[in-house]
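Okay, so chain A shows up in both of these, paired with chain B first and chain C after.
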Partner chain A sequence: MSVGRRSLVAFLYLGPSALLLASVFLFPVGDLAWLSVHDAHTAGGVKGFVGWAHYRELLGPEFFHVLRTTAIWVSISTLLSVAVGLVGALLLNRDLSCRGTLRALAFLPWAVPHAMVGVLWRWLAHPQYGLINRTLLLIGLVSEPIGFLSVKYAMATAIAMRVWKGAPFAILAILAGLQAIPPERYEAAAVDGADSWDQFWAITLPGIRGVLATTVLILAIWAVTTFDMLWVLTEGGPLGATEILPIAIYRLAFTAYDAGRGAAIAVVGLGISSGLAMLYYHFSKERIS
Partner chain B sequence: MGNSRWMAAAVAGWFLVGGVSAFAQDVELTICRPGYPERAKTFLEKALGEFQKTNPGVKFKIVDADWETFQSRIMVWVAGQQEPDIYVSPMQQFVDLAELGAYLPLDQYLDPALKADIPESLWWDMSRFTGGKGKYLSVAAAASTYTLWYNKKILAQAGLTRPPKNWDELVRFGKQIVERTKLPAIGMNAGRPFDTTQLLFGMLYFSGTNRPFVDTQGRAILNSPDAVKAVQFWVDLYQKHKITNSSPEQTSKGDLRLLFQQGKLAMHINNPGLLPTLAKITDLRSPETSTFLIGGPFQPSLSGHRAMNSTDAQQWVISAHTKHPDLAWKVLRYLLEPRWQNEHDRIQGGAPFRASILKSMPIDYAWILKPNAEEASNGLLFSPLIPRSGQFFQVLNKHLVEALLGQAPVKDALDRVAAEVNKLAGL
Partner chain C sequence: MSLHLSRQRQVSRAGALIGSCALVFLFAVPLYTGLLGALASPAGVADLRPWPTEFRWQNFLEVWKQVAFARFMLNSLFYASSACGLVLLVSIPAGYAVSRFRFPGRSAYLLAILATQMVTISTIIIPLFLLVVRVGLFDRAITVIVFSAALAAPFAIWMLRNYFDTLPPDLEEAAMVDGCSRLRALLSVVLPVARPGLAVTTVLAFTMAYNQFFVPLVMLSTTDRYPALVGVYTLARQVMVSWEVVMAATLLVIVPPLILFFISQRHLVGGLTTGFDK
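Right, the complex of A and B next:
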């Protein structure tokens, strides 16, 4: 069979799937872009073409605040999740008798649905009823409840929630990476006199570098697209302290019913997620090759 | 007859039965009374069950939902023409839905008896939002004013025999309560946009200004000198006098209800919807047996006029997309009969507002609900009838919380609200 014929056959086999994927992805994205240049009501239809007006409106302090909040949320929650995940994976990689139980417990937060995570943390952080404040008051660490969901601390609480939810995935991914490192390398290093710290820097970290990079990217993509647990926790407040891109989109499209402006922000969000996805693809390709 | 003929007869009979069944198919209507899902479902099942006895062939699908769920879904349902046939419309989206033509105009259906039985203030002329295609789009489902509830045991512990009657006493009594009981004197919530303005803020604002948030054209008037004084007083209760619960910007309506129910809050502004919650833990049949009592709206010391109160109202509507408009009206009119309205009020913990009910029907908890009903004529509708009311409350809440937390002076905050609201309204 000639190369051309083989390619044609391949296209014919892949064609229907590609068409389906294109319709599921390209059509909504195209519709989103179209909406972003029109004056549209979420339930009332499209009123008219407005060109770049919605995008121009984004060049203001409110949207920059949302971008800044999103950047803080994504960067800190991702890095902390990976850091906690690394520590957790290193601990779970040891030869412990209760390793199986510990692993199951470590992965438990990952199994909790996102919205439930939001509810759980909202109650934990509640100023009057929260378990955290009750405990701190009981042991005398504080004399007044701490406003975990106040303007000052809401983002920190949200990040803690995200780390609680996201670290198990990091543990899982990094643990798989750790177990792929041949143990002989550690034996050889030990023979050469390397201590644990040297082994970590010289063998462990380089061995899981690719896994770390892809874990960071995956968690970052998930963070950029988080809506449910943050909405349940704070609805983006108080005073916009936790208003990230998806919440801004929801607020515009479904409470202000301004589908056009909501779509414009969504296009920006899509750009950011796509950028991260491209980086992930690039790193994955490198690892495979 | 041979086998083949029996077979033919059986097939023909089957088609005949099927055909008759198709023609005699039951009609199904979807109905939703959002707010208190379990109680609403109980009420609807009972009322509609009775309706079905005299109207066989009508089936009902009851959609139960709390307000937050319903508000987040109704627009999408309307866009897809999937909303219930009959429902109580959320106030925040009331005008938006009217502008979208989501409601069936009811002008042709309303009878004089019903019109006379419901107060004039609850008949909303929506013709400016429908382009003249309908004047009355809804019928009142519930209406009540906000009341001062207080825990008599906490007040007694603080050496008080009655609740405060004006703003000066609110501060004085509040400080006494905090000092002697170490409990917050009055509940303040600013945690969610719509909630913030409903309770304590609403009572202080409306009693201090005697005016709504916006005028009849939708122009914001909430930055008047009286409004600035009222809002400053609200802020001072937290910042200066420290007689409220801590962290109001993290506190919701539900949190306050819980605190009050648990005896951790001395006074709480709410409508009679609090009744079913409190009835679980105290005997509300009389003031003597109840732990929780009610007071009137605060008479302000600042403007010297009789205080108005804030009124909450909810309205039944019929979907413009219903396939059975006449039947839907028949069902709704049935639910609006005094016996069912009274049952509805009782289950929801709402004050009676229908003249026929107030005149001649027994009212549970009359010592709470009758004064509330009398106060209704002194009430201003809390939620303005404007487009994008949800966005209005988001803007208002944002700047109110800034003022509450000391991030902006009250006047500046209210001026910013007025500017943004007028911009939203295209004024």
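Right, the complex of A and C next:
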């Protein structure tokens, strides 16, 4: 078969997927940049060119608040997920009875759809009826119910929810990393008299460094692009207390109908998530060939 | 000395077991509270105890009658299976081509597949929404199906490529020597052998489409067309929420992905570390 004919056949096989992906992913990216420099109403169409006006507005305190909220959400939820994941993986890597059952149960939250995670936590953290408040009141730890979804505590509740959903993935990834460490290394260290604490710092941690780095990046990418669970839990509120980037985009475009300003924020969001994704591919060395 | 060591090991093993159980217990709390709510009566749900006091299993049946829940579930299953079919239709030939053929533009195509994973749906939703409105596809099932398929396809192509790579090319080459065309060899020789890979890809594509919340939230406006996730969300944000109904519905919605998760769990680790899936 000639090179030309072979390429033609390949393009026929790739054609449908390329068409689908280009129309959903490629076309809108250019359109997004164009929208972000125009005055556009989500339901009423594009009105006129405004240049950098939307981007200049991003320098104000409103967008700074969104960036700050996003940074807190991403950093704390990611670090806590990895910390819980590391502890969980070390525990579940031990030769325990009923280890298989425990592992399956630990991965459970990972299988729950994001939007349903939001509903479950909305109920769990409910100020009057939720299990946490009911239990705290019952055993007399508090006399008044705690407003877990109030301005003061909503972010903490949201982060706890994100950790609940993210930690099982971290456990799974770190467990795979732990199992890749050759057991002879531990045996040799034990012969040399190293206790388990020494072994953790000298063998375990260096052995899973790569896995930890990629886990942090994947969880950070997921956190910075979270919409479903957070929207269902708080809709970004109260008073913007949990308004991270994807929520700000949605709120501007679909409740304030300002497509132009929403697009400018989306461009920034796209930049952040692509930067993290490129870092991830750099670390994971995904093979292209 | 050795007695002392083994005793120490036993203590540490017991500690690990207790720690693991505590962790699993904490992880179970949100689902447990969902079950407590789902089993309560309308009065009991406002007076919850940490332990179950009512066992109204009929709540799980009544949910299908009280609200449009049956409609929502049917919508979800229809969107997810259609999207899954579309994903397989475009991903099988694509995954096969990048696995078997060497042609100009191949690495560009693979790079583009990776690049789609950097474009998150929330950042491009505004131009997509304007496009959908412009061409008159707003509030239509086909829109949800096509977008859900596009979001799952890159992942499916990558998984299938990796799976086809593990199959020896002699398979279809033998068939082609016998006069089979390439397409015919793919359909009748390669795909039957690739069944395990296809099964995992199908399960994951279905789950990803079933779990879609953002796309239908933006692209649909008629309540009757909502998939289950959006339907349950609208129930949970009403002014007067019937939490026992919402929780029964939530747990029922979780059942299909949970079953699929346990079926495919063994194969997930490899798929995960390729870094796709959200």
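Please note the rule applied: the second predicted complex is superposed on the first by the 261 of 289 C-alpha atoms of A that agree within 3 Å, B and C clash if a C-alpha of one lies under 4 Å from a C-alpha of the other, contacts with A are read in each partner's own complex, and residues count from 1 in each chain.
Criterion: a residue touches a chain if its C-beta (ideal position, glycine included) is under 8 Å from a C-beta of that chain, and two chains touch if they have at least 3 such contacts.
What you see is a predicted model, and the numbers here were worked out from it, not measured in a lab.
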> Thinking of the overlay built on chain A, is A:Pro246 touched by chain B (first), by chain C (second), by both, or by neither?
Replying inline: second
> Looking at the overlay, does A:Pro238 come into contact with chain B only (first), chain C only (second), both, or neither?
Replying inline: first
>> Contacts for A:Pro127 in the overlay, against chain B (first) and chain C (second): which applies, first, second, both or neither?
In response: first
> In the superposed arrangement, does A:Phe64 touch chain B (first), chain C (second), both or neither?
Replying inline: neither
>> Looking only at chain A, is it chain B or chain C that touches more of its residues?
In response: C
>> Is A:Phe49 touching anything from chain B or chain C once the two structures are fitted on A? First, second, both or neither.
In response: neither
> Does chain B (first) or chain C (second) touch A:Trp201, or do both, or does neither?
Replying inline: neither
>> Going by the contact rule set out at the top, does A:Ala256 touch chain B (first), chain C (second), both, or neither?
In response: first
> Now for A:Leu138: first (chain B), second (chain C), both, or neither, which partner does it touch?
Replying inline: second
> Of all the chain A residues, which ones make contact with chain B and with chain C?
Replying inline: 42-43, 126, 128-129, 235, 254
>> With touch defined as at the start, can you tell me which chain C residues reach chain A in the complex?
In response: 12-13, 16-17, 19-21, 23-24, 27-34, 36-37, 45-46, 48-50, 86, 89-91, 93-94, 96-98, 101-107, 109-120, 122-131, 133, 146-147, 149-151, 153-154, 157, 182, 210-211, 213-214, 217-218, 229-230, 232-233, 236-237, 243, 246-247, 250, 253-254, 257-258, 261-262, 265, 268-269, 272-275, 278
> Can you list the residues on chain A that touch chain B in the complex?
Replying inline: 41-44, 126-129, 144-145, 147, 149-151, 235, 237-240, 251, 254-257
> Once bound in the complex, which stretches of chain A touch chain C?
Replying inline: 3, 6-7, 9-14, 16-18, 20-21, 23-25, 27-29, 31-32, 35, 40, 42-43, 84, 87-88, 91-92, 94-97, 99, 102, 104-124, 126, 128-131, 134-135, 138, 164, 167-169, 172-173, 176, 196, 214, 218, 222, 225, 227-228, 231-232, 235, 245-246, 249-250, 253-254, 259, 262-263, 266-267, 269-270, 273-274, 277-278, 280-281, 284, 286, 288-289
> Any idea which chain B residues touch chain A in the complex?
Replying inline: 72, 75-76, 78-79, 96, 99-100, 190-192, 245-247, 249-251, 255, 258-259, 264, 388, 390-391, 394, 398, 401-402, 405, 407
